[in-house]
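For clarity, chains are labelled A, B, C, D, E and F in written order, and residue numbers in each chain start from 1.
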């Protein structure tokens, strides 16, 4: 099992959800985050005080899937979330050792 | 001069003033978080701009000595001659400066109303140009036609107690045109464009309702029984429309919503505006009920059908509700309420309905054509719509360099 | 007719109107995020319902020609005969329609006040049924008893300047009964039920205080010195109670809170309501101080002890504060302030205190019994309380299909 | 007594009242989330404290029978003798109790204004001590000097229609001193101190503008043409300043902001306050434009240069704007608007400007010195500033044991 | 060391915290998330526009514990957070290589 | 590649971002969290009802870096985020198997 963590533009969330659903991936968890990287933040001015805000609103989508789906999910994300402009975001993949469904008590891949 | 009347109209003026900040919040709660400051700014800067425009040229264009029934003369430019003595043509018991101020607040709120239809996508300089041109070339003449001594719609016998034509129909239809010319918001129908803060909208609706007492009752221009009647009609229609909307929504979608009940109240307030000083409270119930229903249908069915992006329903609420109100005045007006008015269809005088329909038609055609021309003219000089990137980032940041709630942590 | 008085009462009517949207926010800020729209809706839809109820039947039941001291006749059904001429029985210098409108706003806010006690758990249809029945069978008779010409509590000599009995005691005790009948919110005492937005509550409290000037000073029914006195008493008691609450809280818990100071102000406003036009400003300080303290104790100690779930303290604030205010009027009333009133205990007339106590008792018993019956009757036809699942999801979504702040991202 | 005037002043009193809750929100939106309740509390508890102080001692110190032009006598302690009969010295057509109430609201808002300069770092007990001492030893004398019959600045011929000196200059400069004595907020210039809720600030600004009509027009003490003129001047200057700020900001930083347009309006309202009843509407445009610009420069350039931490710009807005307004009154005042006033420089009378400048100087020196002494005295008894840890945690929690938005989930 | 990530119903947070505390587990970090899976979202209607919102408010609780406690913690979560209805949530377990306590500089298991 | 997850005091975010930037680390993602551990929560009182709130506002900073930078980043965090008082927070390190830059399609260490 792998956890795929995608940090994407907030506006892309809806279409990503739909696209993943179309590929049979229905379980995911979304967090509101702010982040920085190459993308330049907007300058903000409040009563004449300038803030160069480096942290930009993003959305983190976490999807835990069986190993064999990782490739496909990453392709879907890369396709849907790309605009080609700096700030499209990153995907990180890491290992998950076990999963449980609280309701049923199912464990491992059955839990997904 | 009467201190009671003067007191009343000054306070009513303050109440009508408050409607525009109230509108800012009403609209502001309905947009996405990333655009709320842009939406608040639409109303707020209009208060600034129109207060100056009205004093400098608007008032005299609208209420100055009549020229061929079409426009006021420039005699009162910069408030020249508008002082503490009453102007008996308009209000014999209050200082002319107070009458001017009361009317000013109407001129302020009207362009702010329009801004609901094109929220979340207009460039700020284009917005400012639009407001100033629209006010001068649409609002001021229209106010003259309907309310100015000698104005041709007034002479025709059209009834508009507190601004159905001048304020609501004009802003609603103009808004529709702007929405059509600018085009839809990017992602409409695909992304969620749900309101970001419904309690803010409810607060705004509450302030609007509160201020509307000044709007409608104040239009009696004195602390009279007629003002009291207009006050009660205003409240009644708003109440009826709020209930109507909640009920229709429940029948249509299964649940009554808070946003719906607040929207319904505003629809009812719009609908009663032209007739507030001409109809009975029982008629107001009917006007409100129908107002709530037709606006609901316009907003939730007609809009989807035709596909225009009237973002915050300036057209659906003010255009449709105002039209219904103007016609309803032609139906329910009665001289028992206001001897200076006329009897409507329901009281045996079908001709009033015709006159009202004609005045609506003239207002709509004028507003639509003039708005279109104004947009084209502005379009020659500058872009009307923000870039795709600005729209994606949100207008708070891209136009104003601010966030609404910057304290993320 | 006097334009100054008419102007004053119309504006006061608008101020009292604003109290209900203010209350919506005051209450709305105190519930959990997932229920805020349901709480706003309680107040908002009541504005709609009661505005219609009052015009159609409420006003004539309350103020119509007396029938045996118990109820008004149906003569003025649908405002029949209520026009622009003054009704000298109630207010000789303002149009009858304005008096009607002023009273309407009291009828609007009272059921909305009750909703605080059963927030976060009542079904919406049951709520609507409750409001309409309660208004018709509790509020309208009570208003007649206390304020109607011929009403038996009025004839008895009970003093209630602006609605201590009619508005606050009735709503407070009725609320307690509803809270008891519905039962506690699931998870009370285990999960956090902390307010979700204290600034919203502060805003609401500010609007309430502002509107309360209309409520109390307007109850003089004219722009008189008495109105001025009531105005000052209102402000003074609110101020004293806000300070008292903050101090008691600091002594009891170590810190003064913003929510406490706002709650205290409301407690003081409640406490001064019955006596506002009968006592001196110095007495108002005392009434406010005690009002703040007893409501604090009721809410933070008595409620915990008895374990009822008066969610937003409609009982703790209005029931307890109103009772104290009615008794305090029996103590501090003086004819030097209002010659149409009476002297209280402090001015040598112990009997007034007895009358006040009796009137409180009658009001409480009537409100409690009638509310209980109404709930049982409604319970025959429909469920009163939401399901566990609806409560867990939150009433915004489960009852109204909306979220308050949907723009998550 | 005149019911129209009385009606007007009572409602204006309510409007001025609303300014303080409005200010609470205006300020509250500008602080960080963790401090918003502390900031709201500053304004709210001041309403409580000052309402009592004014009734007990403040009113008589300010308006009681003159003692050597310096202070009012204690004759009216506890409102002794202040009743429903007019006091012709101040307002012949309204009850004395109403005049007292109107003035009270000014005494309430002034210390609340100061709190903007030292937001996010003052201990609450020190704040309370400061407010009570400042009101008694700075505000009350100053009000006597400028408005009291026999007050020496009034006798000198200084014009201050609605409180430029008494309210704005005094609060602005006093605020600066408190900010300097307390020192800067920890992390200023390093951490983000951006506002946490700009729509809240806009709402507050809207309520302030609305209430300011009561403040300035009400200062005519009757529903007169002069009141109407003050009303229009108020609106005009606010509008002009909002626009001016937006424009300057755009020129200076590239973008007009919502926070800027709201701040500008307040700056304009401050600037017009002393002259509202003495100048023409066209002069008001100028006063507003300059007011918006100088306050912008003070806040965005001067503050950064000198490095004082006037957190919410009480000095930048009220100190600077008030000074400009007082001088502008010396320039633009004209007897054609107010025959009880005087002509200014622009109308050929240079001496008025000198008198105005002198009165500003006296006010500034007095406010600065007295505030400094008061702080030193309080500092002997208790600490003025919160600990570093309290500041880091935030004042909501550390001082008041509450969070503003506790419903995290 | 393992990280246990539990995505549960918001209403269960308080009791989970208490239950974990009773088992001696005091350190945890909570994030507000929205998620989807089998649970159907509520339909929302705003001015007649219907949104079928698939993402439902949840709470993510992250607990880093020594390997030997994983079993126990999972049992506590499964017990406390279960209602038996769809939407109770998931638990994911993954490896943590190292931990540090910023205040003390302690590392590894000593940091917990 | 490793993911470094630091849970720190909210007030430390700005200086941490700057300090990391000074060490050439520009990519990071920030989440608003609440947490508990040894730090005692503040008691809150609402209308006389006392809540002993155990969950305290924190900020989670996630930084994915190449293995050789882990040490340095942890030192920076430990230095900047420390006040010495209880509640300074934790750092957790775990393995990331792969990373992708959505915009460019770069994978692995090139994606960072």
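One rule holds in what follows: a residue touches a chain if its C-beta (ideal position, glycine included) is under 8 Å from a C-beta of that chain, and two chains touch if they have at least 3 such contacts.
Please read these numbers as outputs of a predicted model, since none were measured by experiment.
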{"item": "Steps needed, at fewest, to go from subunit C to subunit F via touching chains", "value": "1"}
{"item": "Equivalent interface positions on subunit B and subunit C, same or different at half", "value": "different"}
{"item": "Contact-richer chain pair [D-F vs E-F]", "value": "E-F"}
{"item": "Approximate Å spacing (C-alpha centroids) for the pair subunit C, subunit E", "value": "44"}
{"item": "Distance between the centres, which are taken as Cα means, of subunit E and subunit A, whole angstrom", "value": "18"}
{"item": "Distance between chain centroids, defined by C-alpha means - subunit B, subunit E (Å)", "value": "50"}
{"item": "Gap in Å, rounded to a whole number, between the CA centres of subunit E and subunit D", "value": "50"}
{"item": "Per-residue overlap in subunit B, given as positions that touch at least 2 other chains", "value": "2-5, 7-8, 11, 192, 194-195, 197, 203, 253, 255, 257, 259, 401-403, 406, 408"}
{"item": "Of all residues in subunit A, the ones touching two or more other chains", "value": "31-32, 34, 44-46, 51, 53, 55, 85, 94-95"}
{"item": "Footprint of subunit F on subunit E - complex, ascending", "value": "3, 17, 26-32, 64, 94-103, 105, 111"}
{"item": "Residue ranges of subunit E in contact with subunit C within the complex", "value": "9, 11, 14-15, 34, 42-46, 51, 53, 55, 85"}
{"item": "Subunit E partner contacts - residues on subunit F that touch it in the complex", "value": "2, 6-8, 31-38, 54-55, 58, 60, 74, 77-78, 81-95"}
{"item": "For the subunit C and subunit D complex, residues of the former touching the latter", "value": "2-5, 7-8, 11, 15, 32-33, 192, 194-199, 202-203, 205-207, 209-210, 213-214, 217, 222-229, 231-232, 235-236, 238-240, 242-243, 246, 253-259, 261-262, 264-265, 280-282, 285"}
{"item": "Subunit D contact footprint on subunit A (complex, rising order)", "value": "44-51, 53"}
